[in-house]
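Note that chain A is present in both complexes that follow, paired respectively with chain B and with chain C.
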Partner chain A sequence: MQTWVEKVILFVWCGFSYVFLLSPMVVVMGASLHGGEFSAAIKFPPVDPSFQWYTKIPMQQFEALGLSLIVAAVATFLAALIAVPAALGLVRSNFRGKFIVTTIFRAPLQIPAIVSGIAFLQFYYLIYDNSSLMLAGTIPGMLIGHVFIATPFMFGTIVAVLQRFDHRLEEAAHSLGAGKWRTLYRVTIPTIMPGIYSGGLYAFMVSFADVPMSIFLTAPGFVTYPVELFYALENDFDPSILASSSLVIVFCLVMLLGVQKMVGLETLLRSGGGSAR
Partner chain B sequence: MSGVKLDNIVKSYGSTVAVNDVSLDIKEGEFLTLLGPSGCGKTTTLRLISGFIQPTSGAIHFGDKDVTGIAPQHRQIGMVFQDYALFPHLTVGENISFGLVERRYEKAAIKKRVYELLALIKLEEAADRYPSEISGGQAQRVAVARAVAHPPSVLLMDEPLGALDLKLRETMQTELRRIQQELGITAVYVTHDQSEAMNMSDRIVVMNAGIIEQIGSPKDIYSNPKSVFVANFIGQVNILDCHVATQADKTTELDYHGQKITAQNEKSLRQGKAIFLAIRPEDIKITVRAAGKSQNSLKGVVSEALFSGNVMKISVTLDSGDVIKVECQPKANNFDIGDHVHVNWMPEDCNILLN
Partner chain C sequence: MENRWIAYLIPPLIVTLLLVAGSQFVFIQNSFYQDLGLGRTGTDLTLVNYLNFFTDSFYLKTFWITIKVSALASLFTLFLGFPIAYVIARMKSRLAMLLLAGIVVSTFVTIVIKVFGLIIIFSADGVLNTTLMDLGLIDRAYSIIGTQEGIVVGLMHFTIGFSVLLLYSVVVTVPPSLEYAAQIHGASRWRVYQRVIIPLCTPGFVVGGLMIFNMCMGAFTSAALLGGGRVLTLPVLVQRTVMMEVKYSTAASIAFVLLVSVILINLISLIAIRRLRSARLVIA
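== the complex of A and B ==
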């Protein structure tokens, strides 16, 4: 049993953690309701609250948000297409240089995103010089970069799930008449699905939030949402940025709740983890 | 359904031989148990029959069909694993129907078969539950139902009761045996638990170090072990080192540290040969005075006396220094440590072993 002292300590500590994590968001959302005249410094708590700045969010931010969501979704899907087979192959085989290949799959995590961004840009210019194919500032070019930074998150979670995978499940499927592909489709993939979901969530977030790499791969009229916000902050700050950010925060919360309803966030968070067991 | 035949099966990994020249003829509908200590090759033998591993040499037949080299999914086997290996993302009903879907049964036929099997394992109400929501004993029954849904040529079970507690294990032994007999299915069962093997099997194969030590009915193996290993592995036994003194038609006179022991014996043994004499603890009686001439009788001192409910377990240290274990009725045998006694047994309870 906890004594009352322990309960108080636990309460205070948890309360502190929540305040620490949530207060920046509360401040942003509060300040977005600023009702007075334009002011370069944010006002919290808001004076004379109103939604006026919400009506002043520039259209290009919505366009950028749309682009970011599409890029993040497609990049996550492509990352899964690469990471699932790679993880299956690497966890289950034993060959010379396995360690090196595994490291390569995790390498994008170690490279600062800004370095990757410069590298991709230079690489795209090199391709352009040799073939007149321009990737910089295009959807494919952006996607390649995002798949590059998102894949390690997918790969890592799926490897963790597979290492705990009970290979007897596959033997059981074989004994019941299922061949290799049928077993993969009916047993292996469904069993590691929670890992794919949680890896996917990470990958999506990494792609959606990336500035340092994406900033090199944008073009006028082709800008992802966080980069757009970054430009806006740099050039002409006004509280509509706060309003726009608040919308995204709400959007993310709604999405998390949706995921929670669908697969159960606990299953998702527990999985680097095994099966539904 | 069919019998299973193993011809001179060898399985080696590098220089280690896991299974060494094993031949077996499993009859249709038979319940056969592979019994032995860990590392004796019993699980390897089972995996060879299932097709998860292939023999280094030798052949395996299911009925008339040579299945050597054929992958498990094409062998028509049913497999039950120690930790059940139920698919966690599928319900009990979906687990049972897994093999039926793979074998392209009609939807209606699948439904009918699943309910038949749920009735067989008495789990009708659990069809829509997930494996994480049922008990270990229930999970094991589901694993069996899943394995036999599409009638296999042979049902293979790898220590399926190992993860259950003792009480449940005994219930499940009866349950498994009932299901196997109701379906009339050929079954190969792997265990290291001799009482489990005795309770369930038509025949037991005792394995040790990759070879078959003995094959026989539980009764046969218990009363006529062919080697010291088998005698020791199946139940308790006393082993005395003796030499052959004289060999008559059906009796052998043995010399044990200068004392005479008479043993009933059909083998012909030459004089002076060293043998092992095996006597079961329950065949020995303890008396204060030496028994009559018709029995064997050795002198000793009670060195241990354990009361365990229905039996009294007494150890007697003989004059030679060997210890004889005796199991007897608690009521009639009230001996204490230090008592000078005689241990007596009949010549027909002697079993002469050569190795």
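== the complex of A and C ==
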């Protein structure tokens, strides 16, 4: 049993950690509600709460948000196309050099994103030199980069689920007369679906939040939301970005609730961060 | 039967290999050509970019700062992350889910927004400075932008969510029954921490700490925004060399130095895992 002294220490320690962890997001959301004069625009706690900045979000930021959402969604889908067969093939088979193959699939995680960013930029320039196909600053170019950084997250979670998979389920399906494709679609895929969902969520969020890779692959008029925000913070900005940032935080909360409903947070915990890296 | 599963593996492996090898090969190769500025490069293979890096005190200082802030940030992150992980792992009520939700949301929200929040909190007329000045703890507004402390705080925000998830997976490997057993035999709670929980978690701390250190070494966004151009780390230097000086080969060589150091740390942590595992087996 824990003593009360210990409980108090843990409570204070945890409380401090949570204040540290959550305060920036709370402050951004709070400050976005500030309704006072333009000159004192960024203020926390807000004075005369209003939604004035939410009505003044410029089109440019919505376009950036739209691009980020599209890129993240398509990149997640493509990452699944790579990660699901890769994880199935790797967990189920046994061959020499399995360790090396695993390392290759996880490699993008070990490479700092900024290194991948400059690497893809130079890769695209090389392709351009040889075929006059310009990928930098285009949707396909952006997608390739995002698939690269997002896939290992999906791969990691699906491998974690597959390792706990009960093989007898497949054997049962087989002995009841299901063919190998039917077993795959009716038994295997549905059982690993929680892994696909939580891995997909991680992949989506990694892509949706990325700056270091995207910053090299953007072009004027073709900017993802985090990069747009990055440039705004580096130069100068007006409080409408507080409003759009708050919308993004709310979006993340909604995604979280969705996961809790669909697969439960525990799945995320078991298969998420720890095993992905 | 086995061959069928290997067939699944081949297409994704080809795609991944192409992406990994293609991209990494091109920039590593570029780093071995002399940089003539404005995106032009020499034609002969040379080590001149690396010689520049390792003889220029500016680059070496940047390298050192990167290591220093990353080490500090990973230590502090472990310190803040451990109690959360421990409490979530041991808690039986629904409240644990709420605590966990806080962690997961903070890993989802892009670091740019968190840095934005930090900038507001630490601004001259922000909450923190006015409170501290009212309390008489500081006599003039303190800014974290452009300081190493600022980067450390930013890196902590970048890694803390992940570190809690990681430490959670460490804490759950220590069954509560071990704690009860120690207490039945007369150990105080303090002694349980000292002799049971901490020793059993130490391998996880070491490996987790190295992973977090690695994340910090490669972290760009928080370091760029909170460094404010005055304090640079290697990832920030890579981006600035490309975007402001348009020196691709130089940037590639800096990126390669960064990549090699990160891979070295990975190898160390891999060896550490092996060592610690075998050490544990001997005890058991």
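Quick notes on this structure:
Basically, the second predicted complex is superposed on the first by the 230 of 277 C-alpha atoms of A that agree within 3 Å, B and C clash if a C-alpha of one lies under 4 Å from a C-alpha of the other, contacts with A are read in each partner's own complex, and residues count from 1 in each chain.
By definition in this document, a residue touches a chain if its C-beta (ideal position, glycine included) is under 8 Å from a C-beta of that chain, and two chains touch if they have at least 3 such contacts.
Quick caveat: nothing in here was measured; it's all calculated off a predicted structure.
Look at A:Pro112: by the touch rule set out above, it reaches chain C but stays clear of chain B. For chain A, the partner touching the most residues, choosing from chain B and chain C, is C.
Contact with neither chain B nor chain C is seen for A:Val19 once the two complexes are overlaid on the shared chain. By the touch criterion defined above, A:Leu88 reaches chain C but does not reach chain B. Of the two partner chains, neither chain B nor chain C is touched by A:Val254. In the superposition on chain A, A:Leu176 contacts chain B only, with no contact to chain C.
Shared contact residues of chain A with chain B and chain C: 275, 277.
Here chain A touches chain C in the complex through residues 1-3, 5-6, 10, 13-14, 16-18, 20-28, 31, 42, 44-45, 82-83, 85-86, 88-90, 92-95, 101, 104-105, 107-108, 110-123, 126, 144, 147-148, 151, 180, 205, 208-212, 215-216, 225-226, 229-230, 233-234, 241-242, 245, 248-249, 252-253, 255-256, 260, 265, 268-269, 272-275, 277, going by the rule given at the top. Listed in rising order, the residues of chain A touching chain B in the complex are 166, 168-169, 171-179, 182, 186-187, 190-191, 193, 275-277. For chain B in complex with chain A, the residues that touch the partner chain are 50, 52, 71-74, 76-79, 81, 83, 85-90, 98-99, 102-103, 130-132, 146-147, 149-150, 156.
For chain C in complex with chain A, the touching residues are 2, 4-13, 15-17, 19-20, 22-24, 26-27, 30, 80-81, 83-84, 86-87, 97, 99-121, 123, 126-127, 156-157, 160-162, 165-166, 168-169, 183, 189, 211, 214, 217-221, 224-225, 235, 238-239, 242, 248, 251-252, 255-256, 258-259, 262-263, 266.
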